[in-house]
Structures are given as structure tokens and as C-alpha cells.
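What follows is a pair of complexes built around chain A, which joins chain B in one and chain C in the other.
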Partner chain A sequence: MKLDYGKYRGIIVSIALFLLLDASVLLMNFYISFQIAHDAVSINLAGRQRMLSQRTMKSLLELQRSEAGLDEQQTALEELSASAELFHTTLLAFDAGGEAPSTDGAIATLEAVSSAAALDAVAEGKVLWFPLYDKMKSLQLESSINSPIFQEKLADAIQYGHEHNLTLLMLMNQLTTDLEAVASAQATRLRIIQTVGIALALINFFIIMFHFLRQLRESDEKIETARQETQEILDTVNEGLFLIDTQQKIGVQHSKELEHILGRENIAGKAFAELMADLISEKDLSTTKSFIKLLFDPRKKQKLIGDLNPLRKVELHIPQENGGYENKHLSFTFTRVMKGKQIIHILVTVTDISEQVRLAVELEQAQARGQEQLQLLSSIVQTDPGMLTMFLNSSHKTFNEINEILKVQNKSTHQYVSKINQIYALIHKYKGEAAALELEQFVELAHEFEDKIAELKANPNLSGNDFLKLTIKLDQLMEQTEIIQQLAEKVSGLNITEYSAEPSATHSYWDGQHFHSLAQQVAERQGKQVEVICAGFNDHALSPNLKETLNTVAIQLIRNAVSHGVETPAQRKQEMKAAQAEIHISLVKRANGNFQLTIEDDGMGINLNKIRTTAVEQGVINAEEATDLNNTKTAALIFHPELSTKTEADADAGRGIGLYAIRDMIRNMGGKISVSSRRGIGSIFTVTLPEYEKSLKASA
Partner chain B sequence: MKPILKMMIVDDSNIIRSKIKRAQASTRFDVVAVAANGAEAVNLFTQYQPDVVTMDLTMPQMDGINCIEKLVEINPEVSILVVSALSDEATGIEALEKGASGFLLKPFGEENLREALEELTDHLHV
Partner chain C sequence: MSEQNLQVFIDAVARYFDHTSDNDLRVGTPYLLPNTDPMSMDYTGIIGISGNRKGCVYFTAPQAMLRHLILSLGESDTSERNLVDVVGEVANTISGNARRELGKEFMISVPVVISGPPTSIHLPEDLRSYVIPITWRAYSAAIVICLQQ
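After this line comes the complex of A and B, so read on.
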């Protein structure tokens, strides 16, 4: 591993300098200590020279003393010889450098003296000493101490000694003093060096400390700034960000948004699986764990495994504080964090894509709407223009009527129920017409409208506000109708507003074909087969109003016949009937000018018992009334607003109110409706409507 | 200079096989073998020793996951790209756990495939 010295260069240099300084001081110390020790030897030997000069003199005088015995004289001579030799050797060593016996018997090495005073002392000492030394040497050469020559030489030596002894002592003293002075200077130098060294070391130490602390502070500041910046980023980003380690544990830091996105707290350090538990299915969790494991495998190509991310787009139900759940669409992305070639972490980014998903859904819906409009367009193209015009006119009329009903202020529940029934009748009629023209979109919308009405019906505590839902639905219907009107105007050049009230204008195009297609549709949905045979529809000039009413009535009755009357092919076979049922519709003009619409089917007829039972079940009549009810009155119940013998409402029937609405409409126009039926044979609905003028009056 | 690599295509669909083969024309991937099922793939793998394999997952006789296991047993260094329609991530992940190195989602464009193969083998010329 290569170390990065850059950051620490200053401190390394400082420490090196500190060590160098310390080493220098130590070395100097050694050297000077050694020097001082050496000086001490010199001082010692110089001191000994003083003593030796006196001992030599003393030995000379000892030799001269007459009362001394021969032995003593002999000892004195030997002492003289030893002292003189020692003095001589030491003096020469001081003069030119060399060895001399030290006081402890060892051999000391002396350097030649170098200071001026010492040089003078040694030089002058030599001048005085050498003659004396020669004299003593010649004494030693004499064989007998008592010989006159010896005595003479002794007297000469003593004579010389007396003359120079003090001077020699003084010179040796001077040498000693000088050497002491040199040593003292040396010691002073050592102290200075030590002081300076220690001072430098201290300064260096403080520099290092200062440097080190400054660097520490700087790097602390940098770390703190970096930490703060990271924190700011993590606090601000809109995504959930966190790291996962190889143990699939979440790192100590994560973005603040993560808690919000996942609705979890204390995320740091948790196992990823623990974080996601309860949020995603166990299967997804296990797949995700395997996926993360793959990401830590350097042999797998990160770019080539993204499609396997199970949390790329995931819907979560996040628990809320209020105990509820919030649905969110989240996207998790996993990215490797590399250090060199090693994958050390996986960075997880969690994005809330609920809005995108919502937009995508909306886009899809818009596309679907476009598709619907296209279908609508094609149905417009296929629809007979006259029929379409009639439908649109009728629609506007129906919507206006519903609107008028909605506008009326009501107070009692009874009034509300009546209001609902009126609206129901109108919308059901409208649905029938739309179905007849195969305008599926309108059938759907009308059916939704009916659902809303059913909701209101189920509500025992109705208020005016509840009708708001209906207003919204009505708006939708009106909007769609507006669209189809515009489309129709564009496509087929129809001009609805200029629709002519002249009977002749509608005469040519009403062949009843749409009755057949309506019957086919309804039958197909119910698995039945049916043929509609029309007669008389083109034989009469009809006012638009009458024509519209006849159309509406016929549609409702055909639907009714297919839904309630016609059996399935299997049932018909059992009854020995042809698989395909027939519905005959005819329109005739009676002599009195009234129009008579007859709708006859060969289905199962009205099941009176079933009507009785259902009427009791649905609370229309009570059980007692039911037993008393004759067949005619029972059959009349099929026009009751709240009766339906079909159990589930669908697009075709099951709302019962259809027949009720028809009866109302016919009555409003001054007409009447009757039914005759025979079990197993079929039913005939007969509708009589007054002629044109009367009907206008009636509807006005 | 990137080396020429021997490649094997394993897919039960003739159309996909042709598509992959066509995408590799004039690239550095030399298609040396084409197999329609896992068993055939194992035989051809031993015979031609390709460096790179594209592998479908759902195939008759021996499915992709078993086949990957066998191929990796024969040559642990082989680079396998799973090319499959994703019905469930867990299956794809299992294929990678068995030794494949990458996953390409069907349907794919020729350019997608070429890029995926380059990515799959980028460690081979470093």
C-alpha cells in the first residue's frame, strides 16, 4: 500500500528535525563530556606535577641529611628517581602530547597543551627542569651515596633546586590553573550547547504542536464541512437515499425523505429486509435480497441485470399515523459503490413515482377515451342520421327534464323518493334509446347514472346535497352528448338545431331496423335468439314528438320482451318452440285517428306467481294483499315503479322502472298501455296514443 | 484490439436464433454453434468451447437454468447472457445465481443485443 505523505509532510519534517536536534545535542554532550573527563585527567596530572616538583626537592634534601641512615638515603634516592621520571614523562606529554602514568596507575594519554599560558608554563618549565633532571640523572650514575663526587653533585643539584624550585612550582601551578580554566570554559560551552539544544528542541516541539494542532483543526473543519454538506444534501434531496453493505445492512446515514417515503423511522443500521418487511410480499423481499446479492458479485454485469430488479416499480401500502394506509408507487434503483475494483456498498435510490403512475393511468384513460370517441364516431357513421337526430333531440329533452326535476326544492322524504323515481324513469328511457342505436358509451354512462340513483334509493336519510352526484353525472352525459352532436354535425352534416318539426321530414327513414338490432344486442348478451318483425312504421306521417314517444315506448317494450319474455334456445326447445323467438311490432292508425303500437312476443308470458312473490319480497304489497290480488291486477304490477323480477340490474333490464316510465309517458300524452299474456305462449303489449294535435297539447 | 470471441446461441425459437445470428454478423462475435434446447447446447458447448453464450430460459428437454449450471460446470469462465422474456424476476435471478453474468429482456433490438454482448465481455480484453 502506498502511503500518502503529502498531508503529513510538515509534521514529518518537524519530527525529523526534532530528532536530529536531539541527536546533535546528545553527541555534543558525549563529546564534551569526554573532553571534560580528559581535561580532568590533565588537571589532575598538572596538579601532580606541582606535587612532584616539591617531592623531588624534598628527596634531594633527604639525601643530604647527614643523620639519615644509609637505608633512608637509598629510599630517598629511589623516590627521587621515580618522582623525577614521572615529572619528566608528564612534562614531555604536556609539551608534545603522549602517554603518562595516571594517578590510579593506568596510562593516560595527554594532548599537547594549546593555550598560551600553558604553553609558556610548559616551555619555561622545560628550561628550568631539564638541567635539574640531568643533574639528578648523573647522581644516579654514582655508585656510592657517600662518595665525595656524589656529595658534590648532590650539593650542585640542591643548589640548582633551591634557585628554581619555587619558579618551577609556580609554573606547574600556572599550568594547572590554565588547564582548569580551559576545562571550565569547556563546561560552560557544554552548558550553553545543552541550553541552546534544549531550547531549540522545545521550540521545535512547540512548532510541531502548533503545526499538528492547526492541521488537526483544519482537517476537523474540512471533515465538519464535508459532513455538513452531506447532511444538507441528505436533508434536501427528494429521493430516499441510503447505502447497503455486504451484510445487506443499511448505513448510518440516509436521506431525510426516505423516512417520509417509506413511513418508517430509525432506519439507520437496520437490515434492509427488516426495513421492507410488511411493505412488500415475502416473495418480493426474498427476490430482492437475491438481487442485491448479485449486485455484490463482481462477475455479474450491473448494466445487464437492471431488468431483474424486482423493486423497479412497486406499489406499497404505507401505514399511516391515523391507522390507515397510503398507496404509493415507488421505484428503487440499486447502484454499485466501488472502491478501486471492490464493490463496497450498494447505493439505493427510492423515488416516489405515484404521480408518474397516475399520469400514465390518466394518459391511458385519455387514450381509451380517444378510442371510445373513435368508436362513437364509427357508430355515428353507421347510425341512421334520422335516428341519431331523433336520439339527440330526445337526449336534450330528457336532460332538460332531469335538470328541471333536480332544480325543484324538496322537503319530505316522500318528495325525494318521487324525484328519484322520475329521474330514474327518464334515464332508463334514455338508456334504452342509446342501446337501440348501439351507442355503447351512452348506455354505459346511463347505467352509471342509474347506479348512482340506486345508491340514493338505498339511503334512508336523503338530503338535497345527495342529488349533487346526479348533477355531476348529468353534466357528463350532457358533455358526451355535446361531443357526439358536434361529431355528428361534422361527419354527417346534420344540423340538430334546425331539426324540422314537419311530419314529412321524418317520414322517409324509419324502417324499424334499429329495433331489430337492439333486440339482437340484448338477446346476444343473454344468450337468446330473436327476430324482430316490423310493420306499419313507414305507413304514416308522424309528428316528431309522437314518433319519438313511439320509438321510446317500442324500445323499452322490445327490451322488456327480450329480457323477460323470450326464453333461451334450450328452454324454447323444451317448450317445443323454435330456437329463435319472434317479436312482432306493428303500428297502425285507427279510425279515430289514434295510433296503436302492438308488441307481441312468443316467449314465456308473464309469470304471475313470480310477480306476486317478488312484489311481496320487495315490499310493494304485503302477503295478504297478494293472495287477494286477481290476475289482471297482478299483471298490472309490472308497471309499478319499484318492482323488478330480475335479481341483478344490467344494461338490459332489472330496473323495473322502465315499464313504469313508459306508462307515465304514455299517460302524459293522453294514451294508455295494456298487456295481455298467456303462460308459455307469449305476451302482447298494446299502446294507444292520441293523434298528433292531442299529443302536442298533452306534452305542452 | 478486442479479441474475436466464439459464440453459441441457445434458443428454442428459430426466429430468435436467426435474429441473434443476424445481429452478430460483422461483429467480433463469431457464432460457432446454435442449439435449440439445453441438451443440444451442452453437447455443442463441449465440442466448440465458445467464450460467450446467449441463453433462453424456457426450452424443451433441458431448460436454461439447468443448462447454465452444466455449462458453468464444464467451463466456469464462460460468459452467459440470459435472453428471455421476463415473467418473474426470481427466475432471472436464479439464472444469474447459477452462473450467468447478464440478462437481456425480450423483445430486444439488434443494437441492444450487441451492446449487451460488449458489456458482458468487457472484462475479457482488459
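After this line comes the complex of A and C, so read on.
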């Protein structure tokens, strides 16, 4: 790895300088110490010269002493010779540099003296010494100490010695002193160098300390500021941020929001897989691990593998403390963190996109709802608002009645069958009302409802659970009705929800047009022709309740008339009747305040024989009862819930429940229904209903 | 709400009562109930549902039935704690069954049992719930299902 000295260059240079300084001082120390050691030898030898000058003189005088024995004299001569030679060699060495025996017997190398005083001392010493040295040399050449020539030469030497001995001693002393002074100067220099060196080192040290401490402090402050800023960012950012290393472990830092988003704590340092373990499926987890591995592979282009991210949009179910789950839609993005060309980390950004997803879903639902509403809208746009209001009010009532029937709990199969019949009557009535307004969607739903009821009827072992399918259908109908109600309120400002039981003076105009269209629809499906002629519907102020009942009854009886009474044009022709049948509906108010609704058709009338046969076939009565049944009682069978003379059920009739439901409804209102019929001439249904107030009392 | 989905919850409760000595559970005719007036009895075990469908399913029963149920399961301790436990078990069975049958579409929470009027049942007031009345011996209880479309 390449070292980056960068910001440390200054400190490295300073320390190197410090070491260099120390090394220089040490080197100087070595050198000067060596010099001092050398000087010490010189001083020592210079000191010896002083001693030798005196010993030479002493040896000369020893030779001269008459009482001394020959041996002593001989010893003195040898000593004189040795001292003279030693002095001479040392002096020459001081003069020109060279070797001289040291005091310990070894050979010391001396440099030529260099200071002026020493040079003078040596030069003058030489001038004084050389004659003496020569005289002593000549003494040694003599064979006998006692010879007069020897004595003469000795006397001459002694005399010369006497004359110059003290000077020579002084000169050698001067030499010694001078050498000592030089050595002392060297020592002083050494001290100065050491002092300066240490002072410089100290200055350097303080520079290093203050300068770099300041730098370190500044640098620490910068790091702390940067750390604080990072922390602030991590604490504030709305996304979950964290790093993953090559081992797929999460870094030590992460944004605060991450814990909130994932509903996890102590995330730092965890393995990524461990963090996500319970949050995403095992398959997603394994794909994510492989994906991260790919991201760390520098050969793979990030753009190319970006699409493989399995967590780009993921729904998590995060367990909550209360045992429930919080649903979140999260988006994970993975970005490479590069250092040079090396991928060192993957930065993971987790964004909570629940709100966006929720809005998208809502938008989608709104669009779907819009579509649905548009379809519904197209079906209601042609409908008279007053009729629609009446239909919707009546629908709610019907649904509530069905729900109330479901609510009552039974035990026996017989009770269940009765329950089915009651529901059947209500839904069939509802279907008629929807068909009258040409609300095909509701007719269809009601028909499906009837199909489900038929399934139940076919089940001999009915249980409560079987009614679930009816409840679901009821829920669907209620839902659709609510939608259309909201829609109707929006498009026409209808005030459908405010249901009033009071007679309304501003009731909508009731022209019976819907009766006619209903009759037309039914007739068309059956290849018949019919006209509905209405009278009296707008002559009276009717309470909404009564109006609804009258409407329901009229619708059912018109359907009944077209399906069962009116013949096909061909049949009518044979009967010498006009091809188009007529149904007269009239509403009158009787003297006693009751309302009377009459529905009269010019069809074939009630076929009593067919009713008897069908009633026997369908098990409503047995054959014996059939023979005993008079015409009135036979005609009354048309109100039986389980009787239908139509062989197949369709949207118009055939399940036999219509008239039963109508009779039930009328009875509940405190009214009655009667029928009179003449074969081939037609039928008349007469419904009598008390006024609203009476009906309330009756129902109470 | 499909019939199959609703049936899963009913079957779960039926499965729990399979363990009783006489297995006399009868499912009544389901009906709808506006959420403005949620039904509740003495003890209610609620499971929350999230995921594609959101809402809750709960089993609510009177105290007397639960006491009898405990005895019928061969236990004698009918303390408050055990009553809560038994409702919790029913809710757990519902939760387990739903998890198994309905899979990922439904995220089922851990059941919560409350006693007394269920002040903590918060149902969306503009919706209806399905009430499936059940009778066991002479007692009536109910499974209530409220799921958003």
C-alpha cells in the first residue's frame, strides 16, 4: 500500500531535523572529545618535558658529584642519555609533528603545535636545547667518565645547563600552559556546541509541540464538526441510510429514520440478512444477497444490474407491539461507494413509499370506480329522478328487511325454508322494481340472488351456513345501491338520503310512464303487445311510503298481467281481440279515505284448471284437495309462495313468489288484495290500502 | 369478499369446537351489521388483518358459554385467566387457519383478547361487518368479519 505522508510531512521534517541536530551535536561531541583526549596526551607530554629538562640537569649534576661512585655515575649517565633522548624526540614531535613515547610506554602521535605561544616556546626551546643536547651527546661519546675531557665537557654542559635551565623550564611550562589553554578552549567549545545543540533541539521540540498540537487540535475540531454534521444529516434525513461492507454487514452509522422505517433497533454492525430476515420472503432475501454480491463485483456495470434489485419496490409487514402488523411499501436503492477504482461499500437508501403507493392504488380504484359509476350513470341517466328516489328508498327498505330476516336465528329446516321464501319474495319484488326502471345491472344482481336462493331450495339439508352466499349477495346489492345513490346525488342534487314519511305536496309528477315501459319490456321479451293506461296517480297527495307500496304493487301486477294474462297477438286474433292488449291502472280515493288501486287487463283471465294441475304437480296441494277446491280458493292459490304456472324462471316471472310478496306487503300495510277474472275476458286485481296514518298504526 | 374467504374463518371456529366432547356447534344464518354499532359479548378475541385486505375478524362469546366450553374441554379451572385463554385459543385457531388457507394475501396479527365491551375495536364506520352467529349448546356467540374491499 502506498503511504500518503500528506499532512504529516511537516511533522516528519521537524522530527528529522531534530534527529539531525542531535546527530550533529553527537558528532561534534565525538570529534571534540577526541581532540581533548589528544590534547590531554600533549599536555601530559609537555608536562613531562618540564620534568625532563630538570631531570637532565639533575643527571648532569649527579655525574659531576665527586663522591659518587663509578656505578652511580654510570647510572646517571644512562639516565641523562635517556632523558635527553626523550626530551629531544618529544620536542621534535611538538615542533613538526610525529611520534613520541608516551608516559605509559606506548607510542603517542603528536601533531605540530599550532598556537603562536606554543610555536614560540618550541622554537625558543629548540634554540636553547639543541646546544645542550649536542654537549650531552658528546659526553656520551667519551669512553671514560673520569677522563679530563669528559669532565671538561661535563663542566661545559653544566654551565650551559645552569645558564639556560630555568629558561628551558619556563619555555616547557609555557608550552604546557598553552596546550592546556587550547584544551580548555576545546572543552569550552564543546560545552557551547552542546548547549547550542540542546537549545536548538528544545526549540525544535517546542515548535513541533505547539505547531503540531495546534494542527492536531484544528484537525480534531474539523473532524468533530464533520462528525456532528454527519450525525445531524443522519438524524434528520427522511430516508433510511446505511452502508454495507463486502461481508454484507451494516456499518456502525445509519440514519435515525432507518430504525423507524424498519421498526428495528440496534441495527449497527448487524448482518444485512439478519436485519431483513423476518421482513421479506426467503426468496427475496436470497436474491438480494446475490444482488449485493454482484454490486461488489467491479466487472459488472451498475446500470446493467440495477434492474435486478428485488427490493426496488417491496411491501413489508412490520410486526407491531400490539401484535398487529404495519404495512409499508419501501423502496431500497443500492449505490456503489468507490475509493479510486475500488468498491469499498454499498450505500443503501430506504425510502418509505407507502403514501405514493397508497395514492396510486387509490387512483387506480378511483379510475375503476369511475368506470363502474359511468356504467351505472348511463343506466340511471334516463330514469326519472323521482322514480329513482323511490326505487332507492324502497331498495334500502327491502335490503333491511332481508337482513332482518337473516338475523332471526332458526333451528329447523322448515324454518329455513320459510326464511328462504320470505327473502325470495322480497328480492323478486325488488327485481320487478329494478326492471320497471330498466336498471339492468340491478335486475341482473337480483336474478343472481334468486339463483342462489334456488340453489338453497334444492338443498334438503339446509343449515345456517348455507345462507352465507345470500348474505354476500345482499352485501353486493347494498354496495351497488349505495354507489348509485351517491352517484344520483352528485348528478342531480337529489336529496335521496332524507327520507320523509310525510305526504309531500311537492311530490314528483307520476305519469305512469315507467309502468308502460316495464310492460313494453316484458311484452317484447314474450312477443306480446301491450299498452298501459294510467289514471288517478297525480290526483292525490301520497306519503312516500304509500307511494312506494303502490308502485311496487302496480309493477308486480303489471308484470303478472303481461306474463300470465296477456296473450300473444296471434292468440288474440283468434279470440277476435285487438293485437295490442290494454292494461288499465287507476288509483282512486274512496269515501272512507282508503286508496284503491285497480289493475285491469283484457287478457285470457285466470286459468283455474291450470292452477289446480300445477298446484298438484308442485306439491302445494294433493289431488284430493284439488277436486274439492272451489273457484275462489283456486284463484287464491295464485298468492301461494311455491306456485308458478310459468315453467321456466326468467327476469319477468316464473318463481311464483311475486304475488305472494305483494299480498304480504299489502297485509303489512293493513290493506287487502282481491282478484276477479273471467276466462277469455280478462282479470281485475283490486288493492285497497288505508291512508298513511292508518297504515302506520296498523304496522305498529 | 368472497364466500371461500369468509368460510375459512367459519371453518376455523368449527375446527376448534371439534375438540369439545359433544361437538354441538351450529352456524346460524349470517347477516350484515353496520359498523356504527359493533356487536360484542363478554369476551372478544380479535385478530387484525393487513396486506391486500385490511380489517379484522373477531370471535365474541358470553362468559357462561366459555365456562361451559372449558369444562367440556376437560379442564376445571374456569378463572378469568382461563376464559381469556380460551377465547385467545379460538382466535388463534382462526388466525392459524386463515394463514394456512389464505396465504400471503392476508397478513394476520397475533390475537388480542379483551373482556367487556370492546372499546378497542375500531371498525371503519362507513362499512358493514358480516356477523356469523353460532350456537353451542344453549349459548350464542358470533364471528364478526369486517374487511375492506
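The criterion applied here is as follows: the second predicted complex is superposed on the first by the 357 of 700 C-alpha atoms of A that agree within 3 Å, B and C clash if a C-alpha of one lies under 4 Å from a C-alpha of the other, contacts with A are read in each partner's own complex, and residues count from 1 in each chain.
As a working rule, a contact is a pair of C-beta atoms (placed from the backbone, for glycine too) under 8 Å apart; a residue touches a chain by one contact, two chains touch by 3 or more.
Keep in mind that this is a model prediction, so the values were computed, not measured.
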Mind working out whether A:H317 is in touch with chain B, chain C, both or neither, as first, second, both or neither? second
First (chain B), second (chain C), both or neither: which does A:M478 touch? second
On the A-aligned overlay, A:K283 touches which partner chain: chain B = first, chain C = second, or both, or neither? first
In the overlaid three-chain picture, which partner chain does A:L406 touch, first (chain B) or second (chain C), both, or neither? second
Return first, second, both or neither, reflecting whether A:L308 touches chain B, chain C, both chains, or no partner chain. first
Under the stated touch criterion, which partner chain does A:F291 make contact with: chain B (first), chain C (second), both, or neither? first
Quick check on the superposed pair: does A:K300 touch chain B, chain C, both, or neither? Answer first, second, both or neither. first
For chain A, which side has the bigger count of touched residues, chain B or chain C? C
Touched partner set for A:A106, first chain B, second chain C, both or neither: neither
Shared chain A contacts, counted only where both chain B and chain C touch the same residue: none
Taking the touch rule as given, give the residues of chain A at its contact with chain C in the complex, in rising order. 315, 317, 320, 322-327, 403, 406-411, 416, 419, 463-465, 467-472, 474-475, 478-479
With touch defined as at the start, can you tell me which chain A residues reach chain B in the complex? 283, 286-287, 290-291, 293-294, 299-301, 303-305, 307-310
List the residues on chain C that touch chain A in their complex, please. 1-3, 6-7, 10, 26-32, 48, 50-51, 54, 107, 109-112, 128, 130, 132-133, 135, 140, 149
Chain B residues touching chain A in their complex are 81, 86, 89-90, 92-94, 96-97, 101-105, 116, 119-120
